[in-house]
Amino acid sequence: MIDVGALARRDTFARDLGIEFVEASLGRAVTRVTVTDRHLNFNGVCHGGLTFTLADAAFGYACNSQGVVSGSINAHMIYSMAARVGDVLTATAVEISRSSKASNYWIDVVRADGAMMAAMTGTALISGKPVTV
Amino acid sequence: MIDVGALARRDTFARDLGIEFVEASLGRAVTRVTVTDRHLNFNGVCHGGLTFTLADAAFGYACNSQGVVSGSINAHMIYSMAARVGDVLTATAVEISRSSKASNYWIDVVRADGAMMAAMTGTALISGKPVTV
Amino acid sequence: MIDVGALARRDTFARDLGIEFVEASLGRAVTRVTVTDRHLNFNGVCHGGLTFTLADAAFGYACNSQGVVSGSINAHMIYSMAARVGDVLTATAVEISRSSKASNYWIDVVRADGAMMAAMTGTALISGKPVTV
Amino acid sequence: MIDVGALARRDTFARDLGIEFVEASLGRAVTRVTVTDRHLNFNGVCHGGLTFTLADAAFGYACNSQGVVSGSINAHMIYSMAARVGDVLTATAVEISRSSKASNYWIDVVRADGAMMAAMTGTALISGKPVTV
């Protein structure tokens, strides 16, 4: 398994949004963010784009953890409830299937009280190139 | 139709990412962003979270343009190619169906050369509350 | 909880395809089918439409099990591998979130050897009407 | 372009459901079905599985029309309204993007009065093998 933390450290966009890498194992990764004022949409709740990016980051770390460059080609997101300023959101990506060409991940996003706020299913194409960290 | 530009001006997260509101009409909205260094992921290409947020912003403006608060409950994203620093991405959301409870939108994301970089299908639940701008 | 078996007995389309109702509890349902020649597509493997219907039937029984008429408005399907004649496919739907307006379900489709062949995420709108069985 | 009609003639599952192949051109295909009693679900309306299979058949014919075996790995379906006995549903699949590895299709399902009843986005993996008809 590659050093996923090193991968996360050069994930400029996610880091800039305050998304932290928490931990990873083979085919699994966890990210976290605390919702602040800068993450709000025009209705005053957390923008879906932040929740998506949190889940997408966990997905990206998990599907590249095997050491072969993998890129998302499909992501399906469901939102169960709104998140608000101060909410701590944790995304956990787990691999649900894998072939030589593609892999599928389930990523759930939960609040600190355990409520599932959102969930993503992601599909990544697997290239033949090694991940360099 | 409400003043969609006013809505976009208070969309803190999207604005902070450099996403501009371009135009809107009833059930339709256009957003734009230029990819910069801060938008990159660990592979050095545009983060899927930026592309998603660009499309999601157009979707949000379009589905609220009718004047009733509407919130995304499902979004499906496909990525056709990577975007790179300097690419100008334009997202256009159009309504494809609408009932009293929910509406569906198609949002495509194209580069300046016309290539379709990504596309989203979004479903929003329609609340009974008026949008205030 | 309503009598889900009674619901399944009048699910003409699913029954005609050989899809059996296996069991249900509140917010959860299981269906099963054995792939036969009539289920094949032009490549000689199980048609995606059968796999979808199997998962959709489990989803429909699970989301109506609470006794309020609920109808699918979004379904996202991923296929991990092909199914072949003789494969026994089991779909299990579980509720992952629920509000007063909508509910979300995860449905996995596994072969008899335990391999996950496909998975669906489904969103249903909840009407105010009781299910009559 | 291959003979798509010949492909459709050996699509056992779709034919058995009454789904007709209407026409195809490169990267595009049209299918049609008339909803009958055998297509109903437990609520007395057209089963989502029939609508899905109709769209999936158009998708399959369109993505294989190029002559290289392609198989669906992701399909996202939205339902705008229920279909009823007697409704004639037409699905039209068009290619929206294509790389050497995967292709994406948009498939809409309309009633005879022009109302969009449902729509699918589908992603297919492209194998290296030629389609034989």
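Chains: A, B, C and D, in written order; residue numbering restarts at 1 for each.
Throughout what follows, a contact is a pair of C-beta atoms (placed from the backbone, for glycine too) under 8 Å apart; a residue touches a chain by one contact, two chains touch by 3 or more.
If you're wondering where the values come from, they're calculated on a predicted model, not measured in any experiment.
Chemist: Matching C-D on over half of contact pairs, by residue number: which of B-C, A-C or A-B?
Modeler: When the residue numbers line up for over half the pairs, the pair is A-B.
Chemist: With centres defined as the mean of C-alpha atoms, identify the chain lying farthest from subunit B.
Modeler: C
Chemist: I want to compare two interfaces, A-D and B-D. Which one has more contacting C-beta pairs?
Modeler: The comparison resolves to B-D.
Chemist: Find the geometric centre of each of subunit A and subunit B from their Cα atoms only, then give the gap between the two centres in Å, rounded to an integer.
Modeler: 20
Chemist: Distance between subunit B and subunit D based on Cα centroids, please, to the nearest Å.
Modeler: 28
Chemist: Based only on mean CA positions, could you tell me how far subunit A sits from subunit D in angstrom?
Modeler: 32
Chemist: What residues in subunit B touch two or more of the other chains?
Modeler: 73-74, 76, 78, 123
Chemist: Please give the residue numbers of subunit A that touch subunit B in the complex, ascending.
Modeler: 7-8, 10-14, 16-17, 37-43, 47-50, 52-53, 56-57, 60, 64, 69, 71-79, 82
Chemist: Please output the residues of subunit C touching subunit B within their complex, sorted ascending.
Modeler: So the residues of subunit C in touch with subunit B come to 73-74, 76, 101-102, 123, 125.
Chemist: How about subunit D: which of its residues touch subunit B in the complex?
Modeler: 74, 76, 78, 80-81, 96-97, 99, 104, 106, 108, 116, 119, 121, 123
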